[in-house]
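Common to both upcoming complexes is chain A, partnered first by chain B, then by chain C.
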Partner chain A sequence: MDNKDKYKKVAYYPGCALEGTAHAYDSSTREVGKALGLELEEVENWNCCGAMEVKNVDTKLQTYLSSRVLSIAANEMKHDVVMAPCNGCYHNLKKAEYDLAEDDASVEVVEKLSTKAGHETYKAGQIETIHALDWIKKAVGEEELEKKIENSLQGLKVANYYGCMYTRPRHIFPEKDQGEGSESIDKPHYMDDLLAVAGAENVEFPLKTACCGGAHTLSDSDMSTKLVLNILQAAEASGAEVIATECPTCHSGLEMHQVRAEKELGIKTNVKIMYFTQLLGVALGMSKRKVSIHENVSDGSKLLKEKGIG
Partner chain B sequence: MRSFEDIEQAIDAAQKSEEPISSAKVLLEAGEDVMEQWVSAHDGEPTQKEKEGFRLLALHRQGAKGEPSFNACRETCRELVYYYNLITLDKSHEDVAKRVVMMALVAKHLLYFVSGKMIENELGGFCCASKPLRANMN
Partner chain C sequence: MPIHEKSLIRPENLVTHDQLVIDGVDVSGHWSTFIETRVVKDYNEDMQDEIAALAGGENIHRCWQCGSCTNACTINAENPDFNPRYWIYLIRMGMESELLRDKDIIWQCVSCNKCTSACPRDVVPEGVMKATAHWLELKGHTEKSSSTIFDEVFSEQVFATGKIEESRTMRRFFSRTGQPLMPSWFVEFMKRLIRYLPVKMLMHMGLATVFTPKTKKWDKARDAIEEYVAEKKAADRKALGLDKLIEQAKQEVNNIAAE
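Moving on, here comes the complex of A and B:
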């Protein structure tokens, strides 16, 4: 089997954000997949990955919650690969995989809870967890993607923002930093690669993995606003018209605190925020509506129209 | 040891300065001072050593010991060093003013990130774990 084939049909774990605030990320991911001839099969009866909240209270319970998702995808749906577009979900599934490979106490808790819940216990190595960026890179690749671009993003200056959880902590991502073709921990580039193929001009952006303040957003909104405003200003200083995102927490944080910075601090920034799947969808010839750009708080429809894109 | 407020003012002043080399030095020192705050708040003695030629990187390594979530600002420290090198190695470059602005924004992000981690009481050990350290700092 061609290695690409392994990724053409995968289990899909949207997680809670993609059913709520990040609906646009969910719909644009599904549409881009369809346009590229890829197939997603949603994990049946999936549950919360444990997010930040459970992990904070009981890290092993979070491992169990993520392991249940992995177990359904691997044991019940017989998939080799599960794709999670949300950085938080992706991170937690990877963490569970690591814990179950390295920590006997986690294995014990997961076995106990899985038995009690009445499903097969997930064992490390049964399934591969990937991000939406990995999915398109591995199942399609730049060469094939380029052939399908109908509406180049040429002239659009983009700052690619990956956030903190896509690469950290590095020990749960053993496949990264493995030489040519692999993703980089220090300087991630998969989103840059895909959007460059779609015609975008990627700007040099020093804060691509910097904290968006997501964890502070309820407890210390002022600090989150400062962190976000700084990211927005850095993107604008880099010459970017759009910040491309691949994490629903980062995305909604950037959008909400952009509004809040103007309201509370009187500082307005104009850079637009869009999911990379929305930009790819437009480049693949879809309408802005089909990839739900109208659902973004930071609506980039006008900018794309002015640029003659879509 | 300078307070976060003083460091922020120094960053703002450096961003507006028209002397790129001195701005770069001020911004690098601002990064070091932010790291000193973190290390001191953890009852450590800020190192005077250098890593890869920069005290900032040695301070970051010191600050991340036993606190893995602190690696979330590792790249920010390295970006500061990157811009310092860009500016000081070619102060006449046509983009030097832009580089100073970028370095200031990176320095400010580091300041907000670290001070944010120190400001929240018992926020817990998830993600960017904030610790009740601010109260013991001054």
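Moving on, here comes the complex of A and C:
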């Protein structure tokens, strides 16, 4: 296990979604960090990582966009670790790291664009990119977290949903599948571990890393609705009352197509969708409002109240 | 989900004669059913190179047809006609007319990366799907898909300002794809979404329609990116011989006019 202190103060890259529709994920992440005594320093003048879209215009341009964020965090702010709670951002920073280590043509384009844009060129290996799950796991760990749980999620049945970008493609995540303590690519468990400590009952959920169709949420809504319904219905069949998410695209995709399936197809699903940081926040003794549960489209306040949680 | 490969026997190639007598034997109806032979003559030998020149298609030559991509595919599970392995085969063989039979579904790849994760040869099938969809559009075989329009609207905003403001991206997307500004289910979603968002947040989203959020010190990066994108687009056109095609067409029009 790495040194915990290394992760107690990290650079924070919220990304565009957390400034917009995923406001609840941003605020709950910050609140949970505060409660656990962790420090986040937002990357200055950050830009969009390119999301799922820019790579279709040019792959190397996407690498450049992500490398600019890494460069600011590493060179200007002198951080060793950057944390991104959004799966898309996390994935793209990892992808940039991989490309800059493996592909000379990418290095060339990034050097050229960085010089013209007037900032230092990011070089592979300068900074470690982690997800919000890694952050809590590595900076705090289950033992320490358990001591801080004030409001157990006991009796709450949760399906943990990790989505695509957290583990795929496997080659850009060299630190995963490295034996005990590391994250698994085929069966990720970090969110399960943390929420289990918080008292939740994790159900057997087969679609942990299924795709919600997030890339085509709007451009191919029918397909997205089908894919989301697979996930919602599988979660309900597994007995889950809540789907815990760790990605703003998955989260809003699930919420949006839960509404769409109800409106357009007449298929209603009752499972609630919450960010894992919201659940952790409640378990750490925060009010539901503080972790913005009321901001979710699929509002779980009532469910938590019925369960006597928070 | 079962894996279905495409049947090589197509309904339109099945021929049955209602009335047919051969050498005095009556073979009318289904007794005379036979399959018309198919002959492929129009190989496009440049197709693989053209697709390899577009973003994502670079590694297509590495494929050895194991089928792991199709086996892992999210969309294939919903629609068996969506078959990345088969399309990569067609492209590598240069069978353009066969590929065009599926031209209207190739863009549906959701980039879940299951194929890329499963691929033992680092083909990046997900990238190949994007490159193929892009190739179909550049060559004029398909209209721009709604997915491409979304990519463009999104990328334009990132290049210009460094950041994305979602409501603006969505509005532009709906207007460019000619959809009603907001489909009814989307209105319902937005209503539920903004019900409890803090006022400050709503102000931020509302103001974003007037003042676009921007990354500070972005101007130089923007100029560098725009220059790079222009170069890249020119390179794509060159790789696909589009300028040459247009020149040829012009020449022909001139010739006809001269006559």
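Following the convention adopted for this analysis, the second predicted complex is superposed on the first by the 308 of 310 C-alpha atoms of A that agree within 3 Å, B and C clash if a C-alpha of one lies under 4 Å from a C-alpha of the other, contacts with A are read in each partner's own complex, and residues count from 1 in each chain.
Keep this in mind: a residue touches a chain if its C-beta (ideal position, glycine included) is under 8 Å from a C-beta of that chain, and two chains touch if they have at least 3 such contacts.
Note that the coordinates shown come from a computational prediction; the quantities given were computed from them, not determined experimentally.
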On chain A, do chain B and chain C fit together or clash when superposed?
clash
Using the touch criterion from the header, give the chain among chain B and chain C with more contacted residues in chain A.
C
First, second, both or neither for A:A11, with chain B first and chain C second:
neither
Between chain B (first) and chain C (second), which, if any, makes contact with A:V271: first, second, both or neither?
neither
First (chain B), second (chain C), both or neither touched by A:L227:
both
Go through the superposed model and pick first if A:A244 touches only chain B, second if only chain C, both, or neither.
neither
According to the stated criteria, A:E19 is in contact with first (chain B), second (chain C), both, or neither; which is it?
second
Touching A:P206, do we find chain B (first), chain C (second), both, or neither?
first
Examine A:K116 and indicate which partner it touches, taking first as chain B and second as chain C; both and neither are also allowed.
second
Does the superposition put A:E255 against chain B (first), chain C (second), both, or neither?
second
Stretches 1-9, 19-27, 199-207 or 235-243 of chain C: which one clashes with chain B?
1-9
Contact residues common to both interfaces of chain A (with chain B and with chain C)
52-53, 55-56, 164-165, 168-170, 210-211, 213-216, 219-220, 223, 226-227
In the complex, chain A residues that touch chain C:
16-17, 19-21, 23, 45-48, 50-59, 61, 64-65, 68, 109, 112-113, 116-119, 164-165, 167-171, 185, 210-211, 213-216, 218-221, 223-224, 226-227, 255-256, 259-260, 263-264, 294-295, 297, 299
Once bound in the complex, which stretches of chain A touch chain B?
52-53, 55-56, 164-165, 168-170, 186-187, 206-207, 209-211, 213-216, 219-220, 223, 226-227, 230-231, 233-234, 237-238
Given the complex with chain A, which residues does chain B contribute to the contact?
68, 71-73, 75-76, 78-79, 82-83, 98, 101-102, 105-106, 108-109, 112-113, 115-116, 119-120, 123-128, 130
Interface residues, chain C side, partner chain A - complex
55-56, 74-75, 78, 108, 110-114, 116-117, 122, 124, 127, 130, 134, 145-152, 154-155, 158, 162-167, 170, 173-174, 177, 183-186, 188-189, 192-193, 196-198, 201, 204-205, 213, 215-218, 220-221, 223-225, 227-229, 232
